[in-house]
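Two complexes come next, and they have one chain in common, chain A, joined by chain B in the first and chain C in the second.
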Partner chain A sequence: MSATNGSDPRSPIVVADHLSKWYGQVIGLNDVSVSVPPGITGLLGPNGAGKSTFMKVITGQLKPSKGTITVLGETIWNNPSLYFRIGFCPEQDSFYERMTGLEWVTALVRLNGLSDADAAEMARRALEAVELTDAANKKIGAYSKGMRQRVKMAQALAHEPHLLILDEPLSGMDPIARRKTIRMVKDWARAGKSIIVSSHILHEIESMTSNILLINQGRILAEGNVHQIRDLIDEHPHTVYIRADQTRALARAFLAQDDVLSLRFEDEAIVVQTGRPDAFYSRLTDLAASGELGAIHEVTSPDDNLQAVFKYLVKS
Partner chain B sequence: MPIHDQGYRRYGGDKAPRGQAWLVIARNGIRHMLGKRAFLGLLLLSWFPFFVRAVQIYAAANIPQAQFLAPTPETFRQFLDQQQIFVFFVTVYVGAGLIANDRRANALQIYLSKPLTRSEYVFGKLAILMMFLVIVTWVPAIVLLIVQMAFAGNFTFLRNNIFLFPAITLFAFVQVALVATAMLALSSLSNSSRYVGILYSAVIFFTQAIYGVLFAVTRSTSFSWISFPANLSQVGDVIFRLPPKYETPWLVSLLVIAGVIAASGLVLERRVRGVEIVA
Partner chain C sequence: MKPPPLVRSSIRIFDLSLGQMLWSRRSVFLGVLLGGPVLLALALRILSTLYEAGFRINGVRAAGASIFGMMIWLLYLRFIVPILGVFYGTALIADEVDDKTITYLFTRPIPRRAVVFGKYLAYLACNVLLVLPSVMFVFFLVVPTGGGRIGPAFPSLVTDFGMLIIGLAAYGAVFAFVGTRVKRPLIVGLVFSFGWEPTVLLLPGYLKRLTVAYYLQALVKHEMPQDSAVSLLMQVFREVPSVTVSLLCLAAIIAGTLWLSGQAVESREYVLEQ
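Here is the complex of A and B:
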């Protein structure tokens, strides 16, 4: 692991001390004190838990209402020079659809103070890293959901930051793009970057790291090894929404499996409840890769099961 | 077989000094506008009055019978007045989408996660609009002054009216600053550039219409401070040492202009954020 914060490679990359953030009367983060170590850290929580707020505080876009936060050893608020060492991939799409991927990433890299030629070169390398070289000169408007996610990641890593912050990077991706992205994130970590990745799906986080922060209602509920809460999660059925060409054929294949507890059809999608998400996702990826049952366009998961676990944790 | 490093290498090249990120925003915006043929046509058209005035000055300098066309300080004031129509169109064309388009594309949160401050972002956007407005106001007026000297073959006119250069510069600066900040503030209020364009037009024409109604009722021009264009005209007359058209004290007009610029700054401060805060 390369140094992330000065001389000591084991120094925490983010340190929050009694950090709170209010939006008027609404609390986004509530007295959060946490140290994020180098490497990959998963930020896990249901929608509205405070994950995005925490990430926006880390990226210096929101000023803490109370408490302090340091990133890579420096205060982040009002410190744009530190932004050069951080790459942020937001959850929402942030594109000019008429620009090509290469133009968009190059323009953003230029904001780091690089020349046109250097910025274009770095943008090309970043697009290559996210396997978008072939689509680099296509308009973003023509990109699929997975390609859009990857071009967002390209702009985050193009300027070679020490710390990557990825807000729900797998959201809406098809199984193959998901697998590629997970592999990429792991590769970046092996190359010495620290990564904070958020999700409301344990399975996604678990496939990237075992180090997690559990967040709910603006509070850090737990931190540490994912396996400690793994059993709790498995007690609650996991819901998966799959948009595909041949939903009926997929349903037939799923029903033959023991771990599928129920399923229902929704427009061009099926919603499956499974007791063993690991096995289910693995089979789903294989199915998508084989193409036997047509194309699978999108896989998402509501956070019902996670919410149940959080309720349990809060009560205990 | 040699194994090449597939990982990332740290960037070892030069970086622009801090505080210059606004230049990237400005350059991108200017390049984008210059790529539009319709806009280039508008810019070209905005120089048409300049050519008419240049012919007038040439005729006055070279044809004895055309002496009545000889330029006076008022000629330059009138020229800048004529340019207001182009200032309006350029402002709407360039300015309406400056922030609105970034808001629609959700681009602010990405921009502001880069080494770019909010003030650099606003300054970069202002620079785009101000540059084009300067091209349709200050530049042709100053070139006209140079043309006068060139056709006359002497500096007499400039020596006798030495205040013209600072007057043109000051008036163009006040006009450009007012129009650009107001438009940018309006652009930050919406995600639709079309709506911003309509809103800006409404502000210009509505304030002028209210003043018109008040004038019709009171037969007094002391309410001219209500009108956006009238305030600019009042201050312009004072700058060009001409008798003011309205009864409103020029200082009041100047205060209104300063107030609009300050209010626009406040709007921009609240609206230009990477994260929309709804509280």
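Here is the complex of A and C:
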């Protein structure tokens, strides 16, 4: 089966033409015209840039106020049959908490018209793909943040869609879960799926693809290769929030590195500013994997640094 | 590929929603609400055992079946059923929106209206499963008071069950419609049930036809205790259409409001709070 709209495998998976979306007086998307090619595409922008609005429009949850949008060659609004070919992993951390992961994914896959047995089998495979087999029969309410992110992805990919749309899939994951998820996304792309993934962290997007859409204030500022943007971003310190068991030991390890510009403690977390995010994240993942400085529970990055770059881009 | 048919999709949403609904916090409230009449019936039974003269309304001894009839109309049909309709019906979609789980349902290959229909069926099943045992307890506790016998009164219990199910279906559908169309559905629902309906039922004219209670009361077959305030009230309410007309009108209300709810959900955008 083709990963695109069925006619030409190279044809764009999403085409927006003068697309605008507003909520009353607030503009979510402003005259966006863009073609998203097959493969992995990263949607990068700070919070409030319009990423989620764009995601909601391309998943048919919102109707364009103006302009048109086609996904896999068809309009998406009020076109339920297109959801056979699309899987969506939303940003929000919301579930039917009393269900087990397997029950929940099975129930959602059943909505695709599959028999109970087929739906359960596909759900099992999807949970296996996101490495949640052991926790499949646990209630979602008892899942960690990383497991919740992964079960969300399982429901998105269980019915084997052509196009996966992932809204901030790495948000709140620990470094090891991040690494695994990035690997999974790349594997899915290699298997012929197209993936649109949003994030406010360049480092995350860059680890999955070099093809990005840069969005801010409802407009696509740039599209294409990541390297130019990366050069700009590297001039700005990158902030990382780390929640861990042994924050003081971690702090000592970080301060020994020359790329760490500043560091402060916050409750059970430390907030680090680094001049070289790549090197920093790589070391952090190794530290988490070794476990020698205790467990690292959550890694997030406030988007102040990215916001600064966007301000710079808009001014220039 | 074509999406699964509406009925099949609705049944799948029903399967997904029933468990959630049964074990929700709202069901705890429902349990308390339905425990009230049972406790009242228990008190009546104890009192009737203690005082052999039984209950008298204006000097006339009230039969257990009449008291049961009063409870069905005043407690269940005029209070509990509309309350359940308001609280569950208006929340069919609102709960999914508030919990931000609606996204998972709206990004599946099913018509959006199947979500409303499936959840409505779950509401109906959940409430019927919880209301009927309460009514059974009340029946067995109250009917034997005042020398009443369960056997002859039993067929009326079956009729009451049917009436309650129709009441739940009608109020649920009306408030599902309210929930999908207006901004403050709970307030609108409460005003409709406890402001609009009781008021216009007392007024002469055609306005009462714009209520659910007007059609439901035609289905109430119980004898009420005579010469009481309740019987006077019932005389006013007894300006009713025939059973056939009532059933047809209730069916039209259910079908019409559900269809409009489906239309609303198909065309509306749900913007979830970030």
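Criterion: the second predicted complex is superposed on the first by the 313 of 316 C-alpha atoms of A that agree within 3 Å, B and C clash if a C-alpha of one lies under 4 Å from a C-alpha of the other, contacts with A are read in each partner's own complex, and residues count from 1 in each chain.
Keep in mind that, in the parts below, a residue touches a chain if its C-beta (ideal position, glycine included) is under 8 Å from a C-beta of that chain, and two chains touch if they have at least 3 such contacts.
All figures in this text were calculated on a predicted structure; none of them were measured in a lab.
Student: After aligning the two structures on chain A, examine chain B and chain C and state clash or fit.
Tutor: When both complexes are placed onto chain A, chain B and chain C end up clashing with one another.
Student: Quick one: classify A:Gln25 as touching chain B (first), chain C (second), both or neither.
Tutor: first
Student: Touching A:Ala289 in the superposition: chain B (first), chain C (second), both, neither?
Tutor: neither
Student: With both structures fitted on chain A, tell me whether chain B or chain C touches more of chain A's residues.
Tutor: Ranking chain B and chain C by residues of chain A touched puts B first.
Student: Output check: A:Met122 vs chain B and chain C. Expected answer is one of first, second, both, neither. What do you get?
Tutor: A:Met122: touches chain B, not chain C.
Student: First (chain B), second (chain C), both or neither: which does A:Glu160 touch?
Tutor: Once the two structures are laid over each other on A, A:Glu160 reaches chain B alone.
Student: Quick one: classify A:Phe88 as touching chain B (first), chain C (second), both or neither.
Tutor: Both: A:Phe88 reaches chain B and chain C.
Student: Looking at the overlay, does A:Leu255 come into contact with chain B only (first), chain C only (second), both, or neither?
Tutor: neither
Student: Would you check which partner chain A:Leu111 touches, where first means chain B only, second means chain C only, and both and neither mean what they say?
Tutor: In the superposition, A:Leu111 touches chain B and chain C alike.
Student: If you stack the two complexes on chain A, which partner ends up touching A:Ala142: first (chain B), second (chain C), both, or neither?
Tutor: After superposition on chain A, A:Ala142 lies in contact with neither partner.
Student: Applying the touch criterion given at the start, work out whether A:Ala191 contacts chain B, chain C, both or neither, answering first, second, both or neither.
Tutor: A:Ala191 contacts chain B only, not chain C.
Student: Determine, for the stretches 1-9, 37-45 or 55-63 of chain C, which one clashes with chain B when the structures are superposed.
Tutor: With chain A aligned, chain C clashes with chain B through residues 1-9.
Student: Which residues of chain A are in contact with chain B in one complex and with chain C in the other?
Tutor: The answer is residues 23, 59-62, 80-81, 83-84, 86, 88, 90, 92, 94-96, 107-108, 110-113, 155 of chain A.
Student: Please name which positions on chain B make contact with chain A in the complex.
Tutor: That would be residues 7-11, 13-18, 20-21, 24-25, 28, 101, 105-107, 109-117, 273-275, 277-279 of chain B.
Student: Going by the contact rule at the top, pick out the chain C residues touching chain A in the complex.
Tutor: Touching chain A from chain C are residues 1-4, 8-9, 12-13, 15-16, 19-20, 23, 99-101, 103-112, 266, 269-272, 274.
Student: What does chain A use to touch chain C in their complex?
Tutor: 23, 52, 59-63, 78, 80-84, 86, 88, 90-92, 94-96, 98-99, 107-108, 110-113, 155
Student: Could you please specify the touching residues of chain A with respect to chain B in the complex?
Tutor: Its residues touching chain B are 23-26, 56, 59-62, 80-81, 83-84, 86, 88, 90, 92-97, 107-108, 110-115, 118, 122, 125, 129, 155, 157, 159-160, 187-188, 190-193.
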